[in-house]
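You will see two complexes here that share chain A, one where it goes with chain B and one where it goes with chain C.
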Partner chain A sequence: MDTMQQVPMILIALPIIFAAITVLFRSKSGLQKALNIGVFAILFVMSLSLLFHVWNNGILVYEVGEWGKYGILLVADLLGAGMVVLSSLISLMAMIYATDYMDRKALDATFFPLFNLMAAGLNGIFLTGDIFNMFVFFEVLVLSSCGLIVLTGRGDHTKMADKLEAIFKYLILNMVSIILMLVAIASLYATVGTLNMADIAVKIAYLAETGTLPWHIHVIAMMLIVVFGYKAALFPLHFWLADVHPSAPAPIHAMLSGMVIKVGVYGILRVHYLIFQESMFMLQPVLILLSLVTIAVGATSAVGQYDLKRLLAYSSVSQIGYVLLGVGMGTAYALTAAMVYLVNHAIAKSMLFLATGETLYHAGTKDIRKMGGFVQSAPFLSVIFLIGAMSIAGLPPTGGFFAKLVLFDAGLGAEYYIPIGIALVFAIFTLFYLFRTWLSIFWGEVKEHDKEDTYKSRNPTIAIKISLALLACVVIFLGVYPEPLIVLSSTIAEQLLDPQPYIAAVLERSVR
Partner chain B sequence: MNNTLLSVCIALLFAIGTFMILRRDMIKVVIGITVLSHATNLLIVSTGAFLGGRAPIITSDDAGSPSGIIFTDDLASGILAPVIPEGTEMVFVDPLVQALTLTAIVISLAITAFLLILCYRIYQEHGTTDVSEIRRLKG
Partner chain C sequence: MTTLITKTVSKACVPIIILFSVSLLFAGHDLPGGGFIGGVMFASAISLLYVAFGLKYIDSIYSYQWDKWFGAGLLLASLTGFGAMLFGYNFLRSLYMLVSLPLLGDVKLLSTTLFDIGVYLVVIGSLLYVFKGTGEDE
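And then the complex of A and B:
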């Protein structure tokens, strides 16, 4: 199919074009909303068709400018296409939610262009086959998310001064990590003379075979672990997350916690399992150790929090630890588990954050201790929040149950008894802090703020209800019928451990 | 000799940049980030700069002459491009790294502009440019 061939490019180009076009319609609010929801719906449909195409016909490669492996290639394999589907689903829902949630001023001015750029950055990272191009899309993603964090929504009680402080931390630390990534890329280029990831993989495998692998390849691998660990909020690099994520308005918070921190996990899966197979033997124990510490630190910090958004942000730190635990164990089954966990966490967490934004608007405060008895005034939110909390805590019949089940099963199968034991203990912490939160917000006594029945006027609008209900349906669906996701994830894991099809698809091309 | 000078220069720039981002003043931190990104740009250029190479503008006079650098890779004979065989004279430097550096410069320009605006807004909100006094969020 010829039109299918163009889809990877369209997935990146369409949001960039619309980032420019929506600026023109800034005075027509209704048209702008309809246009952007339409674009994101198209992106979602296209990403789904791309995934089906890749599933049926194998890896799709798009040559930008037909330079062969010497130019930039967009490669849609199952991992990349799957991540694009996930990111388009979450960004579509966040977009529908944001049209009613964000302030009118923010919506008219900068929200839509920046959100489009963010989607383009995410799709670009997941589809590119060139390591320098990945760096460029990292920057697109970071700058657009910085611009989005500043905006305000209706339940957003964060002061502007706090937002600016959070962005300053985020951007400075991000620049340091990006500079590290550039140094790593430059060293890699000086060693093997190419930037195409499949080509680098072939050459490093060749060097290792002939026994001439220079030792600094291991150093480069470690530098890139630091870069991606920073993006994914791995333990010693996690401290920015609890400041930055709660400062963002709810839809952006959902995107940041749902997709943007998964970019780091994707980077480790793509770059390290493709290129640095030789140095994984020493990186895997480090990853397992750091992910366990991440789980512990995130969970214990979340237990002590009374600020709802900060609590959930620390929960994100803890949950990303579980994903990286699966990545670190590195067997085919563990990688399957990591992928299942990643998808479930992305959907459930973004739903929980969208619900949190509405809850905070309903309550008029961020402090859990001042909320109570909302099940009377907001029954819909309480159900959504409960489904999200159940999925993150890993209770059936939600997707999170299978995520935890597969992960622990994989760990026990690979005989990682002590790490799985530690992870289990902190899974109980997760259950505790999420249900304590749910109970104190939605059950219990109605606090005195509600005397004049003001909450009735602050109920979710239709668009917000639709996006939350659709995400909840996906979470329940993944719990009742997890078979397709698990099959897809195990195929992805096989492809990751045996990158030969990827390399063959990229390199066997005619060069003009 | 030139390469040694270049390496020392890059190392010095990295040292200065690291020192600057550890300062307490916000503007100095931004300057540190800028110096660090320029050090990285130099590092990228240095991966393609060879002794005696000139700008890769190939005119019709040069078309036949061998540049000395092998840009095509052949794994069977153990060649990873770009490679300089020992004892050959360099004619051109590697043009790809210069394109990479241009991209990196543009990106660091955008980031620096954003950071400077951000510093100004933080100064407006907090009334100070001292990083250690801007600590309302607990981390």
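And then the complex of A and C:
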């Protein structure tokens, strides 16, 4: 038995087992810290080895419970394995950071079990080959992230009442979207009689070929766009994000804005490009239009914010618009660009959020107008924040430069001149609001002189510095040496546009 | 709710309900029953005790930590999956054998039962943890 074969399942099951173990030993947070950092390091190494395995040997299919062709499958293709590597990297860094950042009370209560379940949910969504299983892992992800948002950390200046309000919104709206998803999946199942995504794709392609494609397939595709657009904070559904994400403590904020909103993009890439290729001709213009509005609304809302976390949350809304713009344009090069943008934004944004949490702790407030001159008292944070801001704004030598370059190049190549023009204008907005923020926080005069002594005592600990520095290294690496990511992304884009290898790997395997 | 009638009736009922929940648990996967339903029934029996006698009285006899039940159940259920991996099969691959036992006759022994017991403990632990938490809340 090939051990590599088991890795997709272990990536999901290991965090679940450790969720159970951490519930049993809740009060020993010193032991838990070491244990959980170890687990997430193992998960990261395994996800990397899975990606290399898939790169060398093709798509890996795993039958849970060996139920033959009726069972639930895990499918690790390049897209899924790549997303798992990304999520494991960010969750490892967030975990290292959180061990020093979160309050003792939060660590003793529910932080570790819920964080493990969140990682299991993310890995499950990226690796499953069954659309109903995807729904189940969405639920795991939503419920665990709700529990994580209430916890408190040291740089967290949100009142508990605000947190509960945010969670109420998040939970109710997620339930609405998840019911929509359930209805969509049920109608899909009623139409084609299977839940396996590759099988659905084959059957819908057959229906389209014979000209008997029922019209409600297009409706299902639109419903799923609403569900995934809600997850990704696409324009008319973006309003919850700026309330919910800033009320989470920094490591969770990094996970939510770094990974969880990318789940929506992954859903569109996986489900729509695999199953609903017949409906894409009418969905692509809608996606492009909405993503442009998302870019514009996010960027203009961010300009007017003085609350640092809200500003960055609106910036996330605007940046996810760029990713969805690439997804909407839909050529191979544009999908490559969308993947490159997604990876760069996930890493740079989560680094920026981790640095923000520490900056807020340093400042003792979340109002940008009361901060200033921190370059003296926190030089490390100012460098990290600058690297993050440069990557999000798209300046060399960071990864964000290549993300924007490839995206705009792809748009110009596909002759989308007006959308790219609009996106460029708002890229300048991004540059403006991020650098204005950086300048007012770290440069200039110290605004509150009576706090200067407290500034000196509030400095990042070693664990926090390590996680931030490692993420900064990754951001710079992606900017200096972007070829591996671009090659990987273009292979993923080819696989998305030609799903035959995926379908063949899933359906044409030896059945017991 | 703490009248004499409720107390007497629940004293008589609770053991029966618990036994019935266990029989539902072992009814298996091809008959009505299973870990989830059994767990809900067990939780309702214990919550009947909480309602009839009050949280403080039950806690003074023995203070259950229901979250530990939840953890143990989740651990048991997921380790069942890993058990199949140890023997070189895929995760959650199940196995059954027929055994003839004295008095009971032919019994089907399923490895899935371990998973079901895990589900049973998770359901009991999570429901009663929520009940107790909301009950203790002033």
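One rule holds for everything that comes next: the second predicted complex is superposed on the first by the 503 of 512 C-alpha atoms of A that agree within 3 Å, B and C clash if a C-alpha of one lies under 4 Å from a C-alpha of the other, contacts with A are read in each partner's own complex, and residues count from 1 in each chain.
FYI, a residue touches a chain if its C-beta (ideal position, glycine included) is under 8 Å from a C-beta of that chain, and two chains touch if they have at least 3 such contacts.
The structure presented is a predicted model; accordingly, all values stated were derived computationally and were not measured.
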Practice prompt. Assess the superposed three-chain arrangement around chain A: do chain B and chain C clash, or do they fit?
Written response: fit
Practice prompt. Name the contact category of A:K203: first (chain B only), second (chain C only), both, or neither.
Written response: first
Item to complete: Quick one: classify A:A94 as touching chain B (first), chain C (second), both or neither.
Response: neither
Discussion item. Looking at A:V327, would you say it contacts chain B, chain C, both, or neither? Reply first, second, both or neither.
Written reply: neither
Practice prompt. Considering only touches as defined above, state whether A:I131 meets chain B (first), chain C (second), both or neither.
Written response: neither
Practice prompt. Would you check which partner chain A:I21 touches, where first means chain B only, second means chain C only, and both and neither mean what they say?
Written response: second
Item to complete: Go through the superposed model and pick first if A:Y62 touches only chain B, second if only chain C, both, or neither.
Response: second
Worksheet item: Between chain B (first) and chain C (second), which, if any, makes contact with A:I179: first, second, both or neither?
Response: first
Worksheet item: Any idea whether chain B or chain C touches more of chain A?
Response: B
Response to the item:
Shortest distance over all C-alpha pairs of chain B and chain C after overlay on A, integer Å, is 7
Discussion item. For the complex, give me every residue of chain A touching chain B.
Written reply: 132, 136, 139, 143, 146, 160-162, 164-169, 171-172, 175-176, 179, 182-183, 185-187, 189-195, 199, 202-203, 206-207, 210, 239, 242-243, 247
Worksheet, complete the sentence: So, in the complex, the side of chain A touching chain C is made of residues 1, 6, 9, 13, 16-17, 19-24, 26, 62-66, 113
Fill in: Touching residues (chain side chain C, partner chain A) in the complex
67-68, 70-75, 78-79, 81-82, 85, 88-94
Practice prompt. Using the touch rule from the top, collect the residues of chain B that touch chain A in their complex.
Written response: 21, 26, 29, 33, 36-37, 40, 43-44, 47, 73, 75, 78, 80-83, 96-97, 100, 103-104, 107, 110-111, 114-115, 118-119, 121-122, 125-126, 134-139
